[in-house]
Every structure is written in C-alpha cells, then in structure tokens.
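One chain, chain A, links the two complexes that follow: it is found with chain B in the first and with chain C in the second.
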Partner chain A sequence: MTIFIIQILNSLFYAAVLFLIAAGLSLIYGVMRIVNLAHGSLYALGAYVSAWVVGGAVGHAMSGALGLAGALLLLPIGAVVIAAVGALIEPTLLRPLYRRPEEYHLLITFGLLMILEDAMKLLFGGTPLSAGSIMDSMGSIPIGRLLYPTYNLVVVAIGLIAALGLWWFIYRTRFGVILRATSQDRRMAAALGLNVGRVYVQAFAIGCFMAGLGGAVVVPAQAAVLGMGVEALVLAFVVVVIGGLGSLEGALVGALIVSLVRTAGIQFFPEIELAVLYLIATAVLLIRPTGLFGRA
Partner chain B sequence: MTAMTTTTATADTGGAAFLRLLIAATAILVGLALLPAVVDPYQTVLLTYGLVMAIAALGFNLLLGYTGLLSFGHSAYFGTGAYTVAFIVRDLGAHSMELCILGGLAGTVLVSALFGFVCVRHTRIFFGILTLALSQVLWSLAFKFFWVTGGTDGIRVAYAKLTLLGGLVDFAGPGSFQRFVFAYYYYVLALFTLATVVMWVIVHSPFGKALQAIRDNETRASFVGISVRRHRWIAFVISGAFTGLAGILWVPLNGLTTPDVLYWPFSGEIVFMSVLGGFRTFAGPIVGAVTFNYLKTAAVASTEYWQLLLGVVLVTLVLLLPSGIVGTAMRLVSRWTR
Partner chain C sequence: MTVQLDRRSFLNTLGVTMGAAAAATAVPPIVPAAAQTSPPPKGSIPSTPLKFGHMTFLTGPGAVLGEPSLKGHLLAAEEINARGGILGKRKIETITADENAGTDANVKELRRMKLSEKIDMFTGVISSGNTPALGPVAEELSVLTIFVDGCTDFLWDKAVPNPKYTFRITNIQSADGVTCAVAAAQTWPTAKKIAHIHPDYSYGRNAFDHFMIAYKKMVPGAEVVSEGWPKLGTTDFTAHITKTISSNPDLIVSSVWGGDYVALYKQALRFGMFNNAKFASTIAFGVAPHAIGKDHPEGVIAGVHSNYYFTFPPGNRWPANKIFVEKYFKRWNEYPNFQSDGAYHTLHMYKTAVEKANRLVGGWPDEEAVISQLEGMYFETAAGYLYIRPDNHQGYKDAVTGFSKNVAEYQFQTLDPARMITIPIRNITAPPHWPKPGNGHNDPTATYNWIKETWPQVAA
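Moving on to the complex of A and B:
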C-alpha cells in the first residue's frame, strides 16, 4: 500500500513537470500554429540556468546565509531567462516564416534545437548540473514506513498552481481574451486593432517561460544533463497528442495519463514502457486526431 | 513549383532535353566512377557515405517534394534496414550482401507498409507527428531489448564477413580493407545509379504525376478520380523502401548499427539534407545528402560543437535560401540564360 501511494506521488511529480512543458508547447501551437521542436531544449536550458544560478549562489554565499528560502527564490530565474530567450527568438527567427508552409516551421525549430543543444554543452560543459541542495535541505516526510522527499510534493503543488494560474490567465483576464481571439482568427484580430505581432511575442515568451519553469522545478530533484531536452520533447508530444494540440485541459489530462502509464510501465513492463506511450499517442491520433480535448 | 515547371519543360521539348539530361548524367557518372583512382581511400569512404545518404534522401523526397507529406520519422525505415542486415548476418550467419539487401528490403517494406497505412490517414502536422511517434516505438524497442539488439552498444557487422555479387568478391586475407573500400564504392555507386533511375521513372510516370497532383491540390486530385489515400500509401512504401536500402548499405560501411539511426534527430538530418539540396527538385536531395555528409564531417573534424554549426547553417538556409542549393542554382541559371 505504501509503495502504491509513493508510486502515485511519483507520477504526480512527473505529471507536474510534464504539464509545464506540454502546456507551453500547446499554448504556442494554439496561438501561433507552430510546433516548436526546440521546446524540449528550452526546458533543458531552463534546468541548466537554474542549476547554475542556485549552485553558484549556494557555493558563494556564506554558509547558511542564503538559506532555503533564498535558494527557492533563485530557482525561477531559469524560467525568466528562457522567457527572455523566447522573446528574442520569435521576432528574429519565427516571424519571417508565418507566411510559409509549416514544413519550414519544423525545420527552423529543428535548427534551433541543434543550436541550443550544443550551446548548453558550450556554456555548461558535459558534467551534469544539479541544485540538489534545495532538495536536501527540505528533508522528507514519512509515508507509512518510508520517507518521501518533501520537495517532490512542492513540485506537485507548483504544477497545480501553474495549471490554475494559466487557466485563470487565459479565461479570466483581458489578455487571455486577446490571446484566444488571436488564436481563433489572426486576421480578424488584427482587423479589430489588436497588435498581433506583440501578442505573438508574448504568447511565445509565456510558452517558453512554462518550459523554463519545468526545467527549473525539476533540477533540484534530477540533475540537468545533455540530451534531456530531446527526450522530454517527444514525451511532451505524446502528452499534447493525447490531450489535443492547443488545449490546456488536454495538456493537464495528457500529462497525468502519460506519467501514470510511465510509472506503471517502469514497475510492470519496463522493456516496452516507452513503446506503449508512443503507441497510445498513435492510437489517439487515429481514433481522435484532435486529441481528447482538441477542437479543430 | 520549380519541379513542376521543369517537368513540364522536359515534356514539351521532349527528346532534346532528355538527351541533354542523359549526357549530363552520364558525365557525372563517369566522373564518379573515375574518382577512386584519383583521391585517397578516405575520400572514397566519405563519398560512399554520401551516396548512401543520397539514396535515403531521394526516397524521403518522394514524400516531401512530390507528395507533399513531411515525414519526421524516416529514421524508422533506415534503422529497420540496418537492423535487419545485422540480424541476418548475426543470427542467420549469412554472408551474401545480396541476401542482406533482399531481406532488409522485405523488412523495410513490411514496416513502412504497416506504418504508412496508419500515417496516410493524416496530412500536414499530424502526419509528421504520427511518423515521429511510430519511429520512436522502434527506437525504444531497439534501445530497451538489449538482449536482442545490443541496446546502446548496437550490433557489430564486420565487413570481412560479407561477400558481394553472390560470393564473387570476398574480403579475406591481408589488405582486405583497401579492397573493401574500393569494391564497396562501386557496389554502392551501381545501386545508387539504379535507385536514381528507378526514382526518376517513378516521378515521371503517371503515378508520379498523380502524386504531384495530390500535393498541389488534394480535392481536385480526388475529383479527377485519383484514390488519394492509396496513392499516398504506395508512395510511403516506396519512400520507406529507398530509405531502407540506404540503411542496408550503410551497415557494412559503418561496421555497426546502433539505436542512434532510429532516434528522431536522425530523421531530422534526412529532412535537413533534402532541404539543403532543395526538395522541390529531383536532384536536390542527392546534392543535399552528399553536401551534408561533407559538411558534417568537416564540422565534426573542426569543432566539438559541430551541431551548433549545422544548426546555424540550417537556420540560415531556411531564412535565406529556402529553395536549397539546386533550386537556387537553377534560378540563377535560368536568369542567366534568359
């Protein structure tokens, strides 16, 4: 029973991270109709930046002067940096391509992926970076006869807050209305006087922020390593395909399904754990191409 | 569009243009055949890799350039070809390369028929994601079933175990590697020529025209009576078979097959090649693949961050030269001759 609860908690932790990545991917597709192949790399970059900032701060601060709260406050820097990177990428690389066929969108983001993957190697080197001090200083809580890291529960909470915050942002604020209007009909939105170019930059930056946040929250628990982005992207794809490209609820439900299947897979059928996920995605695409929550 | 105009141009002027094409192709072929006598063995190996990848890109482009479907999962067919050869050599103990080719092609056709059947139900972005997801199924299987596939270590296929042309050419004894490099180059060149001719015939056949009609306007094509889904499926299988052949030929050259050739970034490389050469032209993918091979080798040799270099090239290409090397060259030539 205890093992069962811990496995559920593990998959919730995993779902929270996956949701952050997939929600960003989905948001960008929903508004701009661009499938961002570099999204996983942005997540990885967020993880690296956060680990580097926190690690550097912990190393340089007088012992204990930084404290847990300080380190936790430094963690989201990765997300902010990634949002800034996104705000740079959209006008320079993506904007010239909106009028071209979507093959070019995939190509340019694939090129971006190659650049980002090596940029991380160049900036942070080949050794994994971790912000494990946060996880260590948070300790653990007893579940049954076992101990469970408190930090994992914090991540689940962050995932929940992010989901609620994003929902509120998109469905309850003025900017959300603008975002949805642009997503439904770009030209109509422009005709009504909206600055579509600015909406695109903002939407892309928010999507990138989510990816970066995913990287930032994962890095105290798992070290940032090269190649983590490429792996994460395909899983995020599976999530959005199951949930529906462009749908926020879909990203949440998809992340839960994927992480539950994955946790069960690692426990019961480790050899085909990944294959099962891709096959589920394929089945969903065949039966309901728009995903469980997708519309058009 | 360029491909369309050139094909109609050849049809209009008929014989003369075809003769010119034939002369140009023969000249290139003779040049390629004489090359190993001039350059050192390393360059020969490099060119063999380039020709192998050209077959893969040629197959890929039947889908992208002629049918209008962007596959992000062609690593699956390359990898299937490669792994089938490895299984044949390791588990069946076969030596004949021809047997490997037949077995490998059968395996790829099977897999691409199955995957294609599923994938052609969608177009555009969903087609791309479907092909990607399915290719990752194979990757994860090759990656996880290490007692069958060797996991990340892959499977070794020693060239010395293989014979070409039904046992006429074998590679035993001293100096065998030099002989292998030399013989294998001509072997690949012959198959490359065959593949190119077959592909040329396919895209200029009524079937190929139907594919182009589907690419340009699906609704009209189906109104004319073309069965769109079946055409796409057949194109998918042919495309997979060509890329599979490349995978088959790649194994003895590389000496090893690993899950890397099934991982999706490898599919991205095949797309990269076609775009580099220009996917709207017939020769584009060939030029692109050979160029990409040299580019990658040079980048890997000169810097640890070769991927960054290639990424910059790809981004620049997409932004500034979307019609690729051949497309741009053709535009320049036509402006010049006008």
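Moving on to the complex of A and C:
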C-alpha cells in the first residue's frame, strides 16, 4: 500500500513536469501553428539558469540571508529568463516564416535546438549543475516505513496551480478571449483591430515561460544535465500526440496518462519500459488520429 | 563436476588486492615512457601532418564523458607536436565529430572522414552501441582505428571477429560487471537479494549479465529481486527508486552513468535508497571526477568502468600516473577520468608503435608495420601496464574499483585511497581463443561462457 501511494505521488510529480513542458508546446501550436522543436531545449535552459542562479554566489547570499525562502524565490528566475528569450525569438526568427510551409518552421526550430544545446554546453560546461540545497533543507516526510521528498510534493502543487492558472487565464480573462480568437481565425482577429503580432509574442513568451518553469522546478530534484532537453521534447510529443496538439486539456490528460503508464511499466513490466509509452501513443493514433482532445 | 571451495580461498585465487595509499616519499627521478625523448628516426620522414579523426560525445548526456576524452586526446597531441610531431616530423592535426549524431550518422561520418578528409587514423568513440557499427566500416575502409571506449565484448565476439585495422584501449566490458561482482562478494558476502537499475542498451545488459554470473558463483543463493531498465538519458528515476526499495534488497547494483547517474544518486538520497541496502556501481565514478558532489553516499562501491581513477596508483608508486595527472590538471584545470587516460595513451601508444616500426624498416612505416608493432604491445600508461592482445586487438589492464569517501583534499567526493581494489585482468576475462558465442555455446559473451564453465561454485 505504501509503495502504491508513493508510486502514485511519483507519477503525479512526473506528470506535473511533463504538463508544464507539454502545455507550453501545445499553447504555442494552438495559437501560432508552429511545432517548436526547440521547446525541450528551452526547458533545459530554464533548468540550467535556475541551477546556476541558486547554486551561484547570488544563491548563497540569498539563502544565507533568507534561508530556504531565499533559494525558493530565486528558482523561478529560470522561467522568467526563458520567457524573455522567447519574446526575443518570436519576432526575430519565427515571424518571417509564418506564411511559409511547415517544413520551414521545423527547420528553423530544429536549428534553434542545435544552437541552444551547444550554447548550454559553452555557457555551463559539461558537468551537471544542481540546486540540491533546496531539497536538502526541505527534507523528506515518512510515508509508512519509507521516505518521500517534501519538495516533490511542492512540484505537484506547482503543476496543479499552473494548470488551474492557465485555464483561468485562457477561459476567464480578456486576454484569453483575444488569444482564442486569434487562434481560431488570425485574419478575422486582425480585421477586428487586434494587434496579432503582439498576441503572438505574448503567447510565445507564455509558452516559453511554462517550459522554463518546468526546468526550474525539476532542477532541485534532479540536476541540469546536457541532453535533458531532447529527452523532454520526445516525451512532450508523446504527451501531445495522446492528448491532442493544441489542446490544454489534452496536455493535462496526456501528461497524466504518460506518467501513470510509465510508472506502472517500471513497477510491473520493467523489460518493456522503453516501449510502453510509444505503444500507447500508437493506440491513440490508430483510434483517434487527432489525439484524445484534438480537433481535426 | 563443479569444484566446491570456500569464498575466501576462491577470492585468493583471483588475486584480489585491497591496497592502501603509500605515504608520500621523495620523488625518485623516474621518467615514464610517454615523456622520454626518442632516438632520431631512421631514413627520411615526410613533414606532411598526420590527420586524426576523433569522434566522441560533444553534446548530449554523453558529453560528460566526451569532454574528458577530447581533452586527453588534445593534451597528447599538443605534447607530441611540441616536440616536432611523430618521428620528430609529422605533426598531429585533429578533426572532431560529435558521436551524439546517432549510429547511422556516425558511420557516414567515418566514411566522410576517410574518403573526403583523408584521415590517417580514427580514434575515440564512447558508446557500445556505436563501436560494433563503426568497427566493420573501419576494416572495410582500411583505416587504422584505436577505439578509446565503446568496450562491448560484442565488437570482437561478433562484429569484427578477426580485426586487422581496429584496436581498442579500454578494458573489455565484461570485466566491468565481473569486477563489481568480485568487489561486492568480497565486501558484503551475505547480500543475497539483489536489485538492479541499468540503462536499457548493450552496456546495461552486459553489466547485468556479467555481474550475476560471477556473483552467483561466489555467493550461492543470490537472486534478482528487482529490475529497472531506464532509457539512456533518463533523468527521472523516482519510480525506479521506489520499485527498488519496495523489493527490500540487500544490495543494489547499477550501471547508470554520466549525467544520468548524477540525477539518480541525488534522487535516491532523498528517498533513503542508500539507508537500508548496500550499493555497488560499475561506473559511478567514471564521469569527470568533479561531477560527483560531496553529498554522494560514502562507503559504496563506486566503479570506474574497471579502468582508471586519477588517485591510483597513488603518490610516487607509479610515476606515470602522477606525471599524467599533473600535466592534465595544468592544461585543463581539472582531473582526468578513464576516458582522458584512454584517449591520451592512444596517441602515445600509436607514436611508440610508429617509432618501433621506423627502427625496423626506416622511413615512414606503412600501416602493416605499425599494426604489427601494436599487436602484442605491452605499454606503460597512467593506470598501469596495458597489453594489446594480438588475436582480438583488445587492450587489457588490471581492473580497478573502490569505495566512495569524502577527503579534505578535494572539493568533490573521491575513491577511498586506503581501500582500492585491483584484480589481475587475466583472472576475470576469457583467455585468447576461448570459443566465441555461436561456436559451441550461445551465451552473451565468451567471458560469460568462460566464467560459467571454469569458475568453481563457492560452497554455501
């Protein structure tokens, strides 16, 4: 029973991180119809920036003065930096290509992926960076005879808050209405006097913020390592294939399905851990090619 | 009929040595082979540079091993070039390729390097998924190749059973699982319930197979209680850790490496995975030494791919190591790992082979002459003596592993200098001409079959 509870918590932790990445990917596709192959690398960059800030001189000063709160306050810096990077990328690299066929989008974002991967190695080196001080000071809570890291519960909560916040933002605010209108008909939105260019840059920045936040929250639990972005991109695609590209609900449900199935695979069928996610994605593609929540 | 004997006598026959560091004494003026000046070459030597293609992980999770490989290679090239080049004339020019491109792209890149860049020699490679694909192509292109790693037994067992142009300098992979098993059986002989976490590709499978076959011989009744096969490049291990703990193991064995391992141990710490079970890794400390934090659990078996750790042999006992570590630190401001050692000595071994061939035939020796010198070469490296077996072109050196410990001297965790374990390689790998898989047996490797057939079963 204890094992069951902890494995469920592990799944929720994994789902929270996956949701943050996949929701950004889906949001960007939903609004701009761009499949951003560099999305995983933006997640990784968020992890590196947060680890660098928390583990660096500023981090030591802040956690010296404010303790755990100081380090936790610094953690979202990764997300903010990635949002800023996004606000820079959209008008310079993506905007000239919207009218071109999809292949151009894939080419430019793939090129961006390669550049970001090299840039991270150049900036932060090949050695993994960690922000483990946060986890250490939060400790672990006993569940039955086992331990569960307190910080992982915080990540689950952040995932939940992000999901609710994003839903509220898109369905309950004026900006959300504009975003949805632009996503449904770009030309009509422009004709009605909306500044589509501004909507795009904001949407892209929000998508990037989500990716950066995913990286920022994961780094105290794991470490920022080279290649984590490509790994995350592949998983995020599995999530959106299952949930439906462009759908927020799809990203949430997809993330939950992927993480629960992966955990069950690890616990009961370790030999097929590699295959199990792709089997599910295949099944969904066969039955509902647009994904569970996707529109044709 | 299997011979029965007790564990201690069996370990004695394996020649397992637990060594303590020597106290520092005055340095005798010994100069290792790599630093000695050579006699002038015979005949006329062209001054055209030698072009080397060095392939290693420059990006991705493997880069934490790839960087040290390239740094070792460059250090040796700079040293050789500073003395005028090989045979005093031919300087080394290096072009690099990123192994992270994937196996198919790597094969194409090797072809491109040979056919269009006209490389004289191919070096590097880390992944065991890549050497079996690159080896046959190197043979086909007749390009002299010394792999630094990618040490799967499969390369010589199946992919290139009769190598001519291809060599490999790091210990054969089966030695890694066996070394870990010997160290664990010697240290915790009562551990019977074994849980495994290995990356799901050839290296992880090889480590699992060879650990278990050797361990079961030494610890009767040992059984696998849990298996985890994370994808290479995974950073979330929470579910694997919980599953492992839930099986109540006595001993957890892992071959997860590089950045993946750093992520694994940090998560495992917070789940208390190291609290109730012993832990043994084949390759935990194989990464660049400074990647392991002081928060890593102490007293676990933290393997180094059974090859090399920079503090061993210690002090002045083996000056080649002391000098190599000093030079490497001076150049790169960090300490070397087994990849650095392998890549560095690849070049020096090649240089030595060319010099020997030159003395025999004069002028710039052709590849046949260099190969004949590499075959059977016995060579001094930082890790100790290295022997290149003529039949399979594989490098063999005594296997090494140890226990993790924080010492004040270093900012990162190191291997305990007082508890290094060394095992003569001859005692843990199949001898020359032992039947390969497919010849009378279908075991995973020749060494697996050799252990199964020839090691005694220790009495319960």
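By our rule, the second predicted complex is superposed on the first by the 287 of 296 C-alpha atoms of A that agree within 3 Å, B and C clash if a C-alpha of one lies under 4 Å from a C-alpha of the other, contacts with A are read in each partner's own complex, and residues count from 1 in each chain.
One rule holds in what follows: contacts are C-beta pairs under 8 Å (C-beta built on N, C-alpha and C of every residue); 3 or more make two chains touch, one makes a residue touch a chain.
Everything quoted here is computed from the prediction, not taken from an experiment.
After superposition onto chain A, the partners chain B and chain C occupy overlapping space and clash.
Looking at the shared chain after the overlay, A:Val177 reaches neither chain B nor chain C. Once the two complexes are overlaid on the shared chain, A:Thr127 sits against chain C while remaining clear of chain B. Of the two partner chains placed around the shared chain by superposition, chain B and chain C are both touched by A:Val230.
In the superposed pair of complexes, A:Glu271 makes contact with chain B and with chain C alike.
In the superposition on chain A, A:Ile161 makes contact with neither chain B nor chain C. In the superposition on chain A, A:Ile8 makes contact with neither chain B nor chain C.
By the touch criterion defined above, A:Ala191 lies against neither chain B nor chain C after alignment on the C-alpha atoms of chain A. In the superposition on chain A, contact of A:Val35 is made with chain B only, not with chain C. By the touch criterion defined above, A:Ile143 lies against neither chain B nor chain C after alignment on the C-alpha atoms of chain A. Annotation: chain C segment clashing with chain B after superposition, chosen from 24-32, 114-122 or 330-338, is 114-122. Of the residues of chain A, those at positions 117-118, 121, 230, 270-271, 273-274 touch chain B in one of the two structures and chain C in the other.
If you check the complex, the residues on chain C that touch chain A are 58-64, 66-67, 100, 200, 226-231, 233-236, 238-240, 242-243, 245-246, 258-260, 262-263, 266-267, 270-272, 288, 290-291, 293, 295.
Residue ranges of chain B in contact with chain A, taken from their complex: 64, 70, 72, 118, 121-122, 124-126, 128-130, 132-134, 136-137, 140-141, 143-145, 264-265, 268, 271-272, 275, 304-308, 310-315, 317-319, 322.
Across the interface of their complex, chain B is touched by residues 35, 37, 93, 96-97, 100, 102-104, 106-108, 110-119, 121-122, 230, 234, 237-238, 241, 245, 270-275, 278-279, 281-282, 285-286, 289 of chain A.
Partner chain C is touched in their complex by these residues of chain A: 3, 6-7, 10-11, 13-14, 17, 117-118, 121, 126-128, 130, 132, 135-136, 140, 146-149, 151-152, 218, 221-223, 225-228, 230-231, 262-263, 266-267, 270-271, 273-274.
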